């Protein structure tokens, strides 16, 4: 049973972490939400899990395989834009960046995505930095050595949320190198989420904006 | 030479990380700032370093040994209050919490400090949670296992910045356990700074509020 | 050959760790136990391993795929209840919680399971805390950041055995973050087992209650 | 201010972790407890800290340098014995073993100490194993490779709490090897505390016995 | 091309590490050895790799799937026995123990295998300790917490070579806990090989006995 | 879109890291390059990925499965030789060594490959050391314990770039042991790349030679 | 006895690592070199060690406390310049940068030092990048998150040797974060030395330039 | 009380690990041994501890500050030689090498010490390899990257015991890099002790030779 009382208590709606759930469990949550007329965001729902869902669940969900997210009940009719920039270092980091983008969209916030602006080609970032600066929050997504975090935070005054990704090999495998780069940054006032946590970064951005956010609750259902 | 041009570029004033600097280097920065009539924040200035400064530097600086910070030029005459809560788990975590408080004060923001509200005595936190919820940003400071971060983020809707501290022993020594607790939290939308980085958390809070913040720049002087 | 003399020496019956065993080895143990009329608990028997067992073994075993346990010879006719609480943070942690529950049942102890009481929604735990306090031992099962351990141990006076699970990603992957949270806890008198060790926690609870427990012996057969 | 309400809530008295406190803070706690006529246990009070206390504090405290503990108000007049065995591998592990012993004594429990029974000379342990088996809880204290934990837990049916110590060098430095030996043990039903946490093990033993225990609360005073 | 000159230089014959080799590469080595009439030991040859070999290779090799070793040219006609004991903690550790046994047999040394003598059931080891003591070298094979190493080395005067295995989960996964137990042992004069290195331990035993040993040379072929 | 302007800026051509890209993305890059008449190097293109490419892509690419590299547009007509030595410890390290060789060939540099010269058979290295010394750069490729790096750097005066490989097991798994051997070497003036980074070592050699090198840019395409 | 034959063999002169040596050992090396009329470089000679040297040694040595280096016999009369750039992120990294500079000077190479060009203030680096590009080798020195390495290697075509420093705290303590940033860099062709190894980077630069370099040999004296 | 019965049981005499003992404890052991007329070896007795001993203890002990060992009762009158070679990479590793030498001497075995034969100057090792080969056991002592272990084991057929030392900095600090080099070696049949464990290596050599060895027993006294 989902904790439908949460919204009342913390001003947020619920999100469902699907990775450790069976298809039957996800189906049950979809049914219950449909019956109650609730919107829901599902995260870390793999293509294989999605394929195993019942036909009604599949037709009710707007599924995106790249980000492994599904939305039930559509996006809010009214949306704000121009407040959150998502700055993404490389192609490989896009799934995480887009998970953040989808989470924000679900909450009614249209983010601006800046892709392929890693520091190996600094001029690509510099060309767009003025545009990025106009946002209230910047979500920076990078794997490997995560140098983007420091460079970006040194150039913009707004809140910067670093999302290290698990892209990399050797000492970069798993994302620890990028995470440590964010935390040990010489640019001050930078904060970080867990590795690959695009959902969490979006939620953090919504907290910054003072907006009710979907809360990803690992304990949300039985 | 300090990078006095920074404020113009990023809207922030400069802060000086003193740990790796000699007394002579700090004295030179104080003199230069006095000559230019600039305010400055000094961080990680140990009592031993402070004692080694020249008499003029010492009389010009408002030094606080617990937080190892010094302020040159006093606090801003106008200050905002009630927007940042600092929630501190235990007595041992106070120096880090107060480093954040001093940094915010230097930037004109009066924070509210909630001390001794660790989760081992959950009722102490619950007694004050309504008061904490009224702030726009909560800086949570905790060492050992860092359970405070998840509990707090699950109870308030505002931006929560976790500052893990190095307080602990055994597997808790050095602060990694508390840091990982913040990053792996089951409460979503929580972000973290490096271990013991009260300054960084304050700067992050100022970025959230949209206020120009002092930037701690390790490369700021020669 | 199983060490049937163990019960005589340590007052416990034997359990069989199946993960590193072949189907033939497990079949042989089942046959031998059937011939001797002994009850046995099998742990970490994967569905694939179970499927590879001989037909007689399969029909003799009461197998549970979620917990990967099988019971030979049924549960004891007389069972005690109300002495062990199993407190489980999230849906993903249930397999480990239920492995503990099955192990206790095999030893004649009916545990009370409290599911979905993680700290991200603290009210769910608080609603049931008085009920939990009535037990003599609480087994707490949580992954990710493991904040449940400290919160629970700060609220109940009984023995608390923390079982960190491997649920999590990024810095939480593999369960180290949750394990360290249990060990570095600011709530005192908390003890921990290895990651995902629901069987061990049940055995520890039985030691606390002074009951003979099934002993999982990795060297038990040839 | 100490949380004097704790005893009422959790049935435990308070203990004071002194390591991160100043002499003035400890003096204040002593004064307050004396005024209220409360008994108190102080842990991790180094000889240097103890020397810096005020004369009244020093004369009021029963201080033990080896275990870095101090007791205010003496031991309880009535004490139980024979229920907790403390099994200590080597001379170097004695300070941790004796911290557990003092904590138990403060709570009215007289433990039996078995010293110098490490596995390098297995006959020493075997000579005393029957005596150890008569206790309801065994606290095992060992550093280096921590082999004592598995050997002991394989020989006694009672609750076994492993306390790894930081004694060792090379891969044994800091106590991780001993901690992992306790957690990965092939003897089942063994539980562990943090490295060097003799206080915590004693508290765990009291939880097992169903006795109110002193709670070491890092957040206990201001 | 194998380095056939090695035997002349170091008094050892050659062994072939197959894990990183293709079937074609192994086939070529077999052909060359057959043509030269040389005996060869092949290690870490998986069943899948073995199945992919040419028919002539397969019929020429004496393959053992459990240990993933193959012998070309049979065992030496004259063999010594009673000098090397292989002491194995549990069933799961047997493949590594038997890799050592096969390597010794290839070199003309018949080892005595002591299985299922882990410390969780100490009486099993004690029953056989006098027999083990009669050997000149003892190879101890154990995973999980590796307590067997210290117990054994404390009871026998001969050379003891510890082979930690990767058997275990949680903090025991991969074998680091067992390895550190061997290295940090309180029993002195114990030495260790890499995790799962049964071949290496056999070679070390042969070095102790002063016998020419097969040398596993990762760079042996092109 | 590839960053075709890069060559103009840094004097290098572009290389494409394929591991995180879909077949469609790689196909698009191939088409675009064909249309523009550009040469391109593709790295970490697995056989499975290669098989999934479109027929035109497959026929345009010169693919090498062992090194997982593909070349579009052939090698440069004029090539330099005798300046870069690639010194490879064992058979298992060859794929990484050959990735370096292919990268150099793509840039017009024919390297000399010295295979099977690991330190377990030191005479093999010594036999060829005079030949190696004649090159301006030596790329040393080794896994396991990486002793080759120190031995080689102590014997030749030229630039030595160590490429640790992930070949190994136990403490050698993943390549950290070999990497640390390179970095902590007692032979001075040795430098290292990330684990398994044959491409990077080749690029480093080209930087040493002052030649334009293909730049592997993770952010190179959309 | 120093290995005076080394120069003849590898074309390099000798350097002496002083950290683990006694004053008497260093004095003996100085005497011997004076007697032979040899120039020598001494590294990691702490001020305390230097103070303990004999008067003749002290007067013969040109000692620099910041870099802990001493030069015997002066610099070479002829020196090359403009080939090696040393790019240093922050004030705290200067001792390592200057150790490289002194080592190069001892070998007759005058390096150009670019200080205070860390990425937190990217404009400072950009202002000087054209000047840096004119060198054949760039030694980049940075601690904390080491973002400078990637930014610099993306902007210059020459050989780039990264020297991570141990400057930092929390996850940055000890220099692993900076080291991993260099190794996992998204800018290709970058190589790294051990943490704080300014001497090694200078030696690597000399290898690149094809110049005989002083070899720091830990085994150089008795 | 020392375990004087040990010699009878395991054929070894006792050694005393002094690091964690007080001066009074060591004095008591010396007195007892003098009274019983026993010889004893004391290890890890720091100069500061030695200075704190009573005058009678100090005059009875033959103390060596470099190795931190003391011998009571002199060396055995009859000694064997030429069976154990100690091969030491660098000056900094000598204290560990000489601890092994002293331990062997105490047991009546005169070892041959080969100093300054690290692989950075391979010719020094090659010059002496024939002499080393004549011994039955070689103890190899090296820090930093530990390349000596593989090179030596590839050149001699006898038993090789690697003792990694804690000499090194950066990734080499503490000795893990050298330890892993020994364990992951491409030269087979090599075994290792804990970091800096010269005593243990000597004991292992005595086990190889079949001689009663002093046993370092951390639990030996009260």
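First chain written, first letter: the chains are A, B, C, D, E, F, G and H, and each begins at residue 1.
Keep this in mind: contacts are C-beta pairs under 8 Å (C-beta built on N, C-alpha and C of every residue); 3 or more make two chains touch, one makes a residue touch a chain.
Fair warning: this is a prediction, and the values are worked out from it, not measured in the lab.
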Which contact partners do chain B and chain E have in common? C, D
Chains contacting each of chain D and chain H, listed by label: E
Distance between chain centroids, defined by C-alpha means - chain A, chain H (Å): 57
Gap in Å, rounded to a whole number, between the CA centres of chain G and chain F: 27
What whole-number Å value describes the gap between the mean CA coordinates of chain E and chain F? 35
Centre-of-Cα separation between chain D and chain A, whole angstrom: 45
Please output the residue numbers of chain E that touch at least 2 other chains, ranges allowed. 89-90, 118, 120-121, 144, 154-155, 170-172, 176, 179, 183-188, 194-195, 215, 217-219
How about chain G: which of its residues touch chain B in the complex? 89-92, 115-118, 120-121, 123-124, 144, 167, 169-173
Across the complex, what residues on chain B touch chain A? 10-12, 15, 136, 154-161, 179, 183-195, 199-201, 203-204, 206-208, 210, 212-213, 215-219
Complex contacts: residues of chain D adjacent to chain E: 89-90, 118-122, 144-147, 149-151, 153-155, 168, 170-172, 176-188
Give the list of chain A residues in touch with chain C in this complex. 3, 5-6, 9, 17, 19-21, 25, 164, 166, 174-176, 179, 194-197, 215, 217-222
